Structure formats: structure tokens, C-alpha cells
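One chain, subunit A, links the two complexes that follow: it is found with subunit B in the first and with subunit C in the second.
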Partner chain A sequence: MPDTDGAAKGVGSVKRQLQVAIILAIVGGVLTTAAFLMAFTTARVQTFGTIDAPAAVETTYPPAPAAMQPTDGTGVRYQRPWLSQKIFYFHVPIAEASFLVFTLAAIFAVLFLVKRKQSYDTRSRIGMETTLVFTIGTMITGVMWTRASWLTNWSQLGREMLSEPRLATYTIMLVFVIAYFVLRNSVEDPERRAVYSAVFTIIAWIDAPISFFITRMVPSNHPIVFQSGMDTTNLIPFIIAQIGMLMLGYAIYALRVAEESSRDTLTVLKEQLEG
Partner chain B sequence: MKVSAFRQYRALLRKDIVMELRTKEMVTSMGLYAMLVLIIYYVALSQAGQAFDVTRIAAGLLLLVVVFTSMLGLNRSLVHEQDQGQLEALLLAPVDRPIIFFAKATTNLLFLAIVEVIIVPFFLIFFVSGAVVPTGSTVAVSQSGPAWMTALALLIGSIGIAGVGTLLATMSVNTKGRDFILAVLFIPVMFPLLLVIVSALSAVLTGDAGYAQTFWKMCAIGAGYDAIMIAVAFALYEFILGV
Partner chain C sequence: MGNLIDPTNTELYALVLKDAPYVIVAYAVLWVALVAYVTVILRRMLKLNREIEVLSEVVDSKAQAGE
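Then we have the complex of A and B:
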């Protein structure tokens, strides 16, 4: 169904949308790349000490020097690998971006239910698509971080994912986004599909603040970054990465919106030419 | 003359209960299904051996049977309405829409509660109190907490299941996949509540030291989740019925 509201605004508004999106994407991309470079060059590796693991743990990381090994021979002490610090400059910003686009999707879902404009449904859907991308990104970087920092092996990972509060609620967020698309595909009537999707987005969004604040409320292994204290050389790339990734998240969303509305505009223009 | 909200609610409740009394379809199908799940538990645990203490996982098993049974019931209760065109008739009738939600949620809760009253004692007799004391265990076998605590935890769980489940089932009956879609939507929404209820139930059933503290904390979180979710479901139900 073509969005007549969008088409009425004409080609000019689509072009402007596209320009803003591209500029944001470029700035966000540059900032993220800069943060990436800084993370691997200027950022100091802060020593969090070592980690004890049972002797049987399977890890690719080197054991600590012999002098640091526990004397009673109960386990092996591993060097906390530096990768856990590098990945964190991306894991946190990607997760924040996923919350941002999820919130956008929920806002447009509410707007759709109130105003019943088709373009709001499209925006909400695109928000969910972007959420899917960023949620998967968070999960991948999270798995890398978990492997590096908690020395979790693959068989422990599944257990961790459903027992650690932050990981569990975030995994559920991914399931929500997948369920959203399953729901969308199984409703045929466009209006009903839009309403059901909006209602489900709102219900699903309740999980986002829960996931965000849960590490501050219940005991959790998941670190809370701003309470752990950071060195200035770490803080600067971290903040740049956050700003860059939030911009990039919004830019991907805005690019898709511009794409959809230019398609709608095209449909309307075609109809006008034919009629 | 405008009929008061409470009378509308009562009339809708009466409709569902009378229909159930005539057909006895919901309670029998849910009850039988729950029994079959218990039989599967029996088979699944048959090779666990003497040393395995079933009470450690009893809370999870109990919740599992409740969740599966409730999904069956939720789906059936709305399929009824849909297939015989009752939902449309209800919308034509001068009934406030929020009242339709509360009436439907109440009957779902009622039928689920009836099935639980039948099935939970069976479960507790077969899997918890009948559990064999692990041979050679030096730990004193702990006593389960009082039965009313189990009932309270299940009630909090059931209220949430019936409240949100009614909204999601109303959505899923209008989709192509019906019961599959209900499962896909229902389980992630219920996840936090299920986690909380299983902690509360587990605390009671194992009766470890200081279980009451965990129990009350979990029940409070569960009740809070119920309140939020029912408020949201109540606010959104009107939109679902509108299309």
C-alpha cells in the first residue's frame, strides 16, 4: 500500500531525508573507526588482575607466570586477556544503539495506534529491523567478550545466557524481535497486521528498560561500566565510540526509512503518470 | 438504560461458565492434557536413578505443566469465540471493550485454576512427597514449605498468564499460525514472570534454609510484573478488538 502522506511531501523531502541519513552515516562511521584505531593504539590496557579457573577449563588464553600460580594446585590462574578490553569499546555502543532503535520502534508503534498513519507502521517496522541487526551485533561481541573475560567455554555459554540476568533479558529481546517478524508474516490483512505489530512492539519494549536496569538492581556478573571507573585514555575512545555508534544506528534506520518512502513516492508518481 | 459495568462483566462471565458447564470442553481437555504431561514426566524421570533428588527440579516441572496447559486453554478459549462468530456478536453488543478483556481473562484464570487444583496435588504426591531419599546422603532431607505458599506462587503466575495470555491469544487466533503464533509470542513475554515464579516455587518445594525470604521477594517481583503487564494488556486490548 503506497504511503500517500509521504508522497504528498514529494521528492524533495525524501532527498532531504536521504542527505541527513548519509551525513550521519559518514560521521558515525568516521567516529567509530577513529575509536577503533584509538582502542588499539592509544588506549592503555588496564590491569584487572588475573582470573582463577579450574584446571580442566578449556581456553585459548595463556596461563599466568609460574610465580602467580596457586600453590595448592587446585586450579590454573590465567592472564586476563587484553581482547576483553578492546571488544568492550564496541559491545557497549552497539548495545546502546540497539536500545535506541528499539525505543524508536516502540515510539512509532504508539504513534501508529494513536494516529493510524501507515508511515508510522513502516517506521516502526524499520526500527525493529535495525534492532535485529544491532541485537545480533551485541550478541556476537558479547560472546567474544564473555569468552575473553569470563573464560567461558562454549558449553557454559548457553547456561550463562539464560541464568545471568542481563544476558537472559537481552536474549529474550532478540527472541522478541524474531517473534515480531513471525507475527507480521502470519497476518494477511494489512491493517490488522499493522495494529498487531504495534501492540506487540509495545509489549516487547517493556523488556528493554528491564534489561537495561537489571544489572543495577539484582546481583549480576555483568559489569556496569560507569561504576567501575576508567582511565582517561580509555574513556575518550569509549565516548567517541558511543557517539559514533548511536549516530550509525540512527543513520541505518534513517536510510531504510528514506528508501521505503522513496519507493512509495515512486509508486504514487507512476500512478499519476498513468492516470 | 445503561447497564452497569459490573453487570456487563457478570453477564460475560456467566456466558463462558454456562458454555463450559454444557460442553465441559475446556476443563476436560486441559486436565487430560496436564495428566498426559505428568505421564511424560514419569517416563522422562524413569531412568534418573535412586540418587537423583527430584525436588531440586520439581518447581520447573510444575511450572512447565502449567505453562503448556495454559497455552492449550488460552488458544481454545479464543478459538471458540472466533469460530462461532461470538467475538463479532460481542462487539455489536453494547458492552464496554475493557470489560470484554477482564471477563475473558477471568474465565481463563478460572479454568486454569480449576485444572491446577486437580493437577498440582497429583504432581506433589507423585514427584515431591513420594521422592525417594537419596541413598547414603549425609544431608538431612529438607521439608517442603507450606502448601498455601505453593498455591500463592502458582496464583501469581496464573494471573499473569491469564492476563497477558488473553491479549496474545486474541491476536493469535486471527493469524495463520494460531497456536504456533501464540507460543512464539507468549513465551518471551512470560519469560521474566516464569523465572520469578520458578524461583519462588523452588524455594518453597525444596524448603532450604531461609526460603521464606526468597519466596516473598520473588512473589513481590512477580506481582509487580503482573500489575504492569495487565495494565498494558488492558490498555492495548481495545486496539486488538478494533480490527
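Then we have the complex of A and C:
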């Protein structure tokens, strides 16, 4: 008689995983949306550089402090509103989420090498897949920041990505994650593929703390968020975005794990029918 | 029509709005990518769950017939 208990347990477990993932995705989505709205409404407008106007303007936007006004008395100097700073509210959280899922992938890679359970290899692979999504998200928002705030031309972007320490180490991380999937697809034997992938994940992960701490160790143009301090109106949406994005990161990872578990359950059921 | 907006205000707005395309692209790409990815996973999950339900019923009925 076919053992239907295993498949039934699998279905129950997948349903629980799916429920947790959907709840986290909804809460993460609500929090990131709230952070987005706060970033453009309640958060104080940051300034970057100045603009000289020929005369005072009827605006609620205040002129620069007296010490910054032109000394020759011509015109009025305003601090330039820094709209591209708004990218920061999502760029930093999505980068943190990429580090979180990359760390999960590395933990499961270590567990696979120790216990040799196939499910750990699957979880590590899903972690790398989620890392790829979040790393690409970080790179896109980062490029937009670089263009708008650092005024880097498209032609200079490649050089900046190789010479600026944070950008270079993060680009290396993206290359490692892509290389992981190239490696996986090039090894046919499942056991060897899982071992090579686990070892590669652990070696590649070493770049994550290097990328995180490098701006604190060597001179870099990249802002160091946790050292520079922040106005409360800016800090609240930033923290909400961080919590929301970390939840979304884990939710996406958990959704993929639930999907793979469903696929395994389906395979078990097919084997039972064929057997 | 003349100048509806003070020229200096126009200059101020232009300097701010110069950044706008980058901000819009950054947020739009992120949201579209994340929503699309979650939607694809959920659709695949729904399809898998339907298949699991059908196969579970077949396995159960085969098990009952074998008893």
C-alpha cells in the first residue's frame, strides 16, 4: 500500500511555509509602501550644494543660512533640495536584504557540507537566487544614485564601479552570484554539483562583510549611513523601510522554499502512482 | 500668457526635477521587479498545488481500493 502520510505531511508543511511567507510579504509590502510615502511627505528635505537666485523668491523653501550668503550682496543663495537622496530609503534596505539572504545561502551551504542533506543544498540555491534578485535591485538603485548625486556619466560608470571600493566589492559579489549559477549548470553529477556549489557559496560569501565594512576601512565616496547621523523625520521612514525590506527578502526566500517543497511533494506523489 | 511662474522658482524646480527621472526609475524598477517576481512564484505555486490536490486524490483512491 502506498505511504500517503509522507505526502500529506509535506502538503501541510508547505501550507504553513506559504502562510508565513504570504504574511511576511504583505507586512513587508505595507511597511515599505509606508516608508516610501513618508520619504516623500514627512521626511525633511535634505540639501546638497547651493543655488544662487538673482532675487529672493516667494517660496516656503528657506534661503541658506546668513553665513552661506554671497558676500558681495548680489542675489540670494538657496540650499539645493536633494531629491535623489530619496533613493537612499530603498537602496540601503535592499542592499541589507541582499546581505541577509546571501548569509542564509552560506549558512545552508555549511550545513550541507556538514550533514549532506539535499534539502540544505536546495535552500542554499534558493538563497543564492534571492540574493541575485536583491543584488540586481541594489545595483540599479545604486546606479541611479551615482548618476543623480555623484553626477557620474554613463561612460564613467564602469570606471567608477571598478575604482570605488564599495561599488567594486559589490560588483564582485554580483559576479560571484552569477558565476554560482554558471557553475551549477556546468556540473552534471548532482552530488558533485551540490558540493562544489556549497564550497563556492562559502568562498563567495566572504566578499559580503568585506563589501559592508570596506567604506569604514579605506577612503571612499560612498556614504557611511550609520556614522553620519540622521534627522528623526528621515530616520523613521529609513527604519520602517529596513524592517519592511528585510521581511520582503525573507518572504521571497520562504516563498521559493515553499515552491520547491511543493515540487518535491509532487515528485513523491508521482513516484507513488508509478510504483 | 507671460510668466506664470517666477523665473527663479522655475530655476529652483528645474534643479530639483533634474534628479526626478533617476528617483522614479529607481523606485519603479524595484517595485515592478519585486511584484513581478512574487507574482510569478505565486502563480507557479498555485499551479503546483492544483496538481498536488489532483494527484493526492488519485493516490488516496488507489490506496482505498487496495485495502
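The working rule: the second predicted complex is superposed on the first by the 231 of 275 C-alpha atoms of A that agree within 3 Å, B and C clash if a C-alpha of one lies under 4 Å from a C-alpha of the other, contacts with A are read in each partner's own complex, and residues count from 1 in each chain.
Following the convention adopted for this analysis, contacts are C-beta pairs under 8 Å (C-beta built on N, C-alpha and C of every residue); 3 or more make two chains touch, one makes a residue touch a chain.
What you see is a predicted model; the values in this text were computed from it and never measured.
Contact with subunit C, but none with subunit B, is seen for A:269 once the two complexes are overlaid on the shared chain. Using the contact criterion defined above for the overlaid structures, shared-chain residue A:243 touches neither subunit B nor subunit C, since it reaches no partner. Between subunit B and subunit C, the partner in contact with more residues of subunit A is C. Legend: residue contacts after superposition of the two complexes on their common chain; A:161 is shown touching neither subunit B nor subunit C. By the touch criterion defined above, A:256 lies against subunit C but remains apart from subunit B after alignment on the C-alpha atoms of chain A. In the superposition on chain A, contact is made by A:94 with subunit C only, not with subunit B. Contacts of A:110 after superposition on the shared chain: neither subunit B nor subunit C is touched. When the shared chain is aligned, subunit B comes close enough to touch A:186, but subunit C does not. Of all residues in subunit C, only 6, 8-9, 11-12, 15-20, 22-23, 25-27, 29-30, 33-34, 37-38, 41-42, 44-45, 48-49, 51-52, 55-56, 58-60, 62-63, 66-67 touch subunit A in the complex they form. Considering their complex, residues 113, 168-169, 172, 175-176, 179, 182-183, 186-189, 191-192, 195-196, 198-200, 202-204, 206-207, 210 of subunit A touch subunit B. Against subunit C, in their complex, subunit A makes its touches with residues 1-2, 4, 7-8, 11, 18, 25, 36, 51, 53-55, 57-59, 61, 78, 80-84, 86-87, 90-91, 94, 133, 136-137, 140-141, 144-145, 147-149, 248, 251-252, 255-256, 258-259, 262-263, 265-266, 269-270, 272-273. On the side of subunit B, the complex with subunit A involves touching residues 164, 167, 171, 174-177, 181, 184-185, 187-189, 191-192, 195, 228-229, 232-233, 236, 239-240, 242-243.
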